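Structures are listed in the sections that come next.
Shared chain: chain A. Partners: chain B in the first complex, chain C in the second.
Then we have the complex of A and B:
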């Protein structure tokens, strides 16, 4: 593992820890505006990274926002990955008409650019029949997770299907089948362990994709609008960067570093994978 | 080629049907939104006019017929007046297409020489730094570049307008000045992606025997790189060019919102905000059709760039 990958994994570990311990840290309430100090610069007393124009503490918001942003990405990638790769593995193992239908369905969903698909799903799902009663923040978070899960399913599904196709005709699988091993056992003992590394590496890339999507959705006005998340922070400060640039630097830097870290770790896992494949 | 076109048609029909069903089968309250404040009689007439009394499949088929004919449905204002979505598309789509066109042109013009140069210099001491730099740049989301560039060039240095849009017919110089920042924020991650791909491919091609042959014949480096190496190395770049259109479309929506450019992204934002779901359905369908069309064309074009892939496919 080279230095860059180490730095990236460390960053991801810090983010994960902050997501858990965030609420217990001695920080101001992220939703409580300090009216005495709106828009103060970083390193001001009481506000290490300063505040935005409303007086919200930036450090506290970015630390507490980690929880929602990370939860959205982890849940969508885990659930979407589980569903997608199960479908992909089974479809590649069974082949035939089922496989044809699954691939066509994947292609159809992938034909809608993923941010556009997520956007439409959130827009449709997070609508309240009465425009004067806005949808609650928790429901929005749930809808965003649901939509992004749906976006992830075909992405990881296709990867799992491709990887399974490469293994399903290997000698040891054919041998297991000819010895009368049950399909379920073959899939769990012989296919899944070989396909998993590919899914892990793309899974990390997918976490990066979801973090970006959460930020983009917020900027488009359908994200966690009034809650505490990186996307919500960026959307809030996007209008005031002309006079308070520092309130924008904070969430943008944290988000960008996290995406870079996810991509690097995913890429590192993939390159190790190629090495292993190459040795066979 | 026929097979690819057939597949494209299936995918387009599937994705538009999916969007249509999404709208009709989920409880979004279309009737409330489009015929909320109406009395009993005119409410029924309005629902009939919008085909909300039909079953979802008939609704979709009629929608598809209209969509193909260029009728993208109505935008209904709260007062009850309607404007056709096609008008909005007519004014917004060219602006978005223009933005995407600029981005792809800039990205290719920068990344092709950069990719060849970095591949040619690979193995030198600067190589690792370049690789990491490209990797990092390709991972940073475009809205981050958008915000940073807007602050730095738009506010701190005040060289360029931080937001807004001027049409080329109005003032050509101002037009380009307003487009520089949005184009740059979308192009930088793309340049990094393209350069990485081309660099890897060129490095692989440089190991081929015919390159050694060309070198031993005494051809100039420039001639070898541009006329012997570039074409076979550009296949991955070409495919990725088409695949990245999807990400670019998503990025364009965000960047338009950020820089207040009146393109499709801004219209989609307005449609969501004012809950004009018929308009949203047509906008998203246009994007999906465009994406599929682009990928199919690229798939066919790759065959021309590298005839070897055509042979392989036939085999």
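Then we have the complex of A and C:
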């Protein structure tokens, strides 16, 4: 493992730990504005990374926001990946008309830009007709996860389908059939273990994609606006970028670093796991 | 003699973008119980497709199979892929051509061998592992316990082929299809594997179908030989009869193209000129006519039928070798 990969996995580990222990750290309440110090620069007393124009502590927000941001991306990639790769593997295994329908559906879903899809789903499912009764941020989070899951399904589904196609005609699959194995056993014991590496590495890349998507949705005003997440921070400070740029830099830097780390770890996994195939 | 496996009018067609490809064109073949039958032919002659179709292993929506396959008194061709499973492993098993691809790279040898035992014979994991070690010892792999825990990439080609054989004979099949079991191996290992198969066949009383392109392998290891060309059986006879009394120019050409150790080194290796006819567009007459040095006009126009020369010797040629019919050299 090279140094860069080590740094990236360490970063991801820190993020993961923060997501768990964040709320227990001795930091100011992320929702509690410090009216005495609105818009202070980083390295001010009491506010290591400064505050935004409302006096919200940026460090506390970015640390506590990890939980929601990471949860959104992990849940949508896990659920979307599970659904997508199951469909992809089965479709490549049975072939025929079912496979044709599945591939067409995947292509149709892929042709919808994910931000447009997210926007419309949030607009339909998580907006309130009465502006005075805002939609709870939990519902927002759920709908965002739903739309991002929907985006992930065809991405990982196609990867799984492609990988399965490459393995399903291998002789060992025919050999397993010639020993009288059931299709279910062939899929779980012979195909899934070979397809998993591809899904792992693309899964990591997908986490990065989803983190960015969450941030972009927030910027468009349909993210977790009132909650505590990286996207929510970006959404809140979007208007004050010109005079308080640091309030934007903090969440964006953390977000960018996490995406880079995810991509690097995914890439590293892919090259490591490809090597095994090279040895055969 | 009753046949363990009886193939009647087996036809396999593949639908391809360039038209219907007839890979196997009406093969009739009986495998007697306890016998070893060789199937010889060059690459693309339909040997592998024929043996896989006989077992019902060809899958895909572009495959059409017709004809009858009787195994041990049961008709297999009308069964679907779930029903035919009952005969796999315990009835029929197959050794595959390429030991590099026929083992799953991410699973240990032990789990792969014991899989058949557990699925087909319902053995417990522990018993199946114990039996797998015995099987590995039977195919003469040293230190079987250690090999059980290894992954395929840790074994050499010869070792993997032995593992394949162990997997195939795990459930004591009555009939073993060996699809070019030695093609991917070097010559010294080839002989070991063939001897091993012969010994196993004696020990377990299996019938065997040995698919190969090597007449030398067939001469030493089989009781009957079927020569395939362009999807048809062109000559079939007991092994000794075939080599003593060859009828088919194609068989002769195959035999002649085996390099001889005492041939002068400056001479070119004899080859069969030309190529197999395009399987999507077969010629009207004999498929071998365009490459046959004895071919006459009749050969190019009419497709010959299988003729019986006695002694169980069948051939498909208008002008068989050794016949008195006058030939003009072409």
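In the analysis below, the second predicted complex is superposed on the first by the 276 of 280 C-alpha atoms of A that agree within 3 Å, B and C clash if a C-alpha of one lies under 4 Å from a C-alpha of the other, contacts with A are read in each partner's own complex, and residues count from 1 in each chain.
Keep in mind that, in the parts below, contacts are C-beta pairs under 8 Å (C-beta built on N, C-alpha and C of every residue); 3 or more make two chains touch, one makes a residue touch a chain.
Bear in mind that the values here come from a model prediction, so they are computed numbers and not experimental data.
Counting the residues of chain A that each partner touches, chain B and chain C differ, and the larger count belongs to B. Shared-chain residue A:166: touches no atom of chain B or chain C. By the touch criterion defined above, A:178 lies against chain C but remains apart from chain B after alignment on the C-alpha atoms of chain A. Look at A:17: by the touch rule set out above, it reaches neither chain B nor chain C. Legend: residue contacts after superposition of the two complexes on their common chain; A:96 is shown touching chain C, with no touch to chain B.
By the touch criterion stated above, A:121 is placed in contact with chain B alone, chain C being left untouched.
Using the contact criterion defined above for the overlaid structures, shared-chain residue A:193 touches chain C, although it does not reach chain B.
Considering their complex, residues 4, 104-105, 107-109, 111-117, 119-121, 123-125, 127, 129, 131, 208, 212, 215-216, 219-222, 234, 238, 241-242, 245, 248, 252, 255-256, 259-260, 263-264, 267 of chain A touch chain B.
Contacts from chain A toward chain C in the complex involve residues 95-96, 170-172, 174-182, 185, 189-190, 193-194, 276-277, 279-280. Chain B contributes residues 7, 10-12, 14-15, 18-19, 22-23, 26, 28-29, 32, 132, 135-136, 138-141, 143-144, 147-148, 150-151, 154-156, 162, 245-247, 249-251, 253-254, 257-258, 265, 268-269, 272-273, 275, 277, 280, 284, 287-288, 291-292, 295 to its touches with chain A in the complex. Taken in their complex, chain C has these residues touching chain A: 52, 55, 57, 59-61, 85-90, 92-94, 96-98, 100-107, 111-112, 115-116, 119-120, 152-153, 164, 167-168, 170-171.
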